[in-house]
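Scroll down for the structure; my scribbles are underneath it.
Chain IDs A, B and C follow the sequence of writing; residue 1 opens each chain.
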């Protein structure tokens, strides 16, 4: 067992543990905070895979921006453990079934993985910013542009929804 | 309508020009103004080291005077208490016993003399009312304290130091008044 | 193969970390003193001058006072998060200093010691990551206080920092297009050889400067702690050294953002109009540190100077400036930079 494996195990335990805490904690604010810990653990995994760019972008975008907004909304609406409604039995059952189905899909996908093609730690340069940029703008330029158009339309949609109705004032 | 004064000014409501809307020139101008204040003379005085001189008419805390031989001037006539608009002065008179001539100048003296510094307005009427030059307002002021009763000054706190036993403190307490008292 | 690490390197980095962190703490301490002194001088006052000669021991007195103050934790607060808040604020404030090139190489004991704790290849992005995390300390602390003024301050901080991060990021992209590297060290080396980046990116620098003010919660953008509206904003409920940590984190942030601005736009440890190669490397490195610190002192003074000149924004003005002026301006700057790069190629 070398240092990399040790760090990997530590990060995995951290990620899975805080993910479980995130689901099981009653207070939404605690859930959000645990989710931030999960993102940090995953960023740690990215660094182990020598994908520093992905790691830092994961922190900037998810931990730094999206989770701040989540926390913002949760705090603004003052959601507490007490205000959490008790969900109805049938709804819970549906949740268990959907979650179980997702788990099944994930497990079957993991089972099919060829063990020969294990990810190698600390080597490979696919995650480095230069290689990633070349890949994105040469090999995957069309999907990249399509996703950017998608984001743009989402942004315009948000602006349209957020814009005040000018005619309503008259 | 006729304006009452010529000072009224029409407010300019014209829209701001582009440079004005950028705000940056205005911000720069403001920053230059604050920067120029670095070189301005500071009006603050470093208090305990450097003290501003009192004006000659300054009226501070009262002090009970003695004559050159160290005898108390006060005869407890009560004129100061009558003159006091804030009713801050109370006193009790007593007769001088034989053998006390070196303590009190006249046959009657104040056994108890109290000034409530919280009531006192430092108007100086007591000083003007006194026929014996026994009370005057010095150039010190009552220091801060934690209790109200500490502000009722008894006679021993008000008396000027003895001119024979402690001539330096006497001179200091007399202050500029030594010149003035000769006028009266 | 568990510990196949160069021991000398570990010791070297450890010493560097200790030096950098203690230096930034001391500088932040004296920034609080400078803040009071500069404020006084700009307002024709004298400022603190009692503790020690010229009041130089004032920061120590302030620190001691904070340590000895009574510690109050509100009854209905979340104790763990209440303590986590200021700790996170302090941590994120200190973390940025890890990638700043404080100077060139020193040659000591036959080793070449790089005056940069680590040169990660995502340099600038790391700065962004840490800056975007900086708001958590404030948000968590403000929420855990269980006080509506604190909460308002925390929400203001969150929305303000997120809004200005965007413009800051876009202005940074334009800078990255010019330099073509993410490493702060390489940027400094480029600026040593050529012009400072301020010449190439004046508009970008202006946007970055304004956003830095907003990210540090400094006047005119100090709405999260606006004394006269929110009592103390997010640190209303804090006392003793926890309050001290929040206040201190602000000054460290100020110091670090000054260093970042000096490094990105003003040549870092480069001495202007002077070729460092003519000196011996050690002297050049030390002079470089002095040059960097001189630039930093200027920026810290600028922070204070602006604080005592421009009054606080109203909240809608803040959002208007961030979203409708700075972001379009930054986008325009990015486009113009890209176009001119293509034109000059």
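Quick note on the criterion: contacts are C-beta pairs under 8 Å (C-beta built on N, C-alpha and C of every residue); 3 or more make two chains touch, one makes a residue touch a chain.
This structure is a prediction, so every number in the text was calculated from the model and none was measured.
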Centroid-based (C-alpha) most distant chain relative to subunit A: B
B-C or A-C, whichever has more C-beta pairs in contact: A-C
Subunit A and subunit B, separation of their C-alpha mean positions in angstrom: 73
Centroid distance [mean C-alpha coordinates] between subunit C and subunit B, Å: 51
Distance from the mean Cα position of subunit C to that of subunit A, given in whole angstrom: 28
Residues of subunit C engaged with two or more neighbouring chains: none
Residues of subunit C that touch subunit B when the two form their complex: 41-46, 49, 305-306, 308-310
Complex contacts: residues of subunit B adjacent to subunit C: 27, 30-31, 33-35, 37-38, 40-44, 46
Residue ranges of subunit C in contact with subunit A within the complex: 1-3, 81, 120-122, 125-126, 128-129, 131-133, 135-136, 139-140, 143, 151, 154-155, 158-159, 161-162, 165, 182
Contacting residues of subunit A [partner subunit C, same complex]: 1-3, 6, 29, 33, 36, 52-53, 55-57, 59-60, 63-65, 68-69, 71-72, 75-76, 128-129
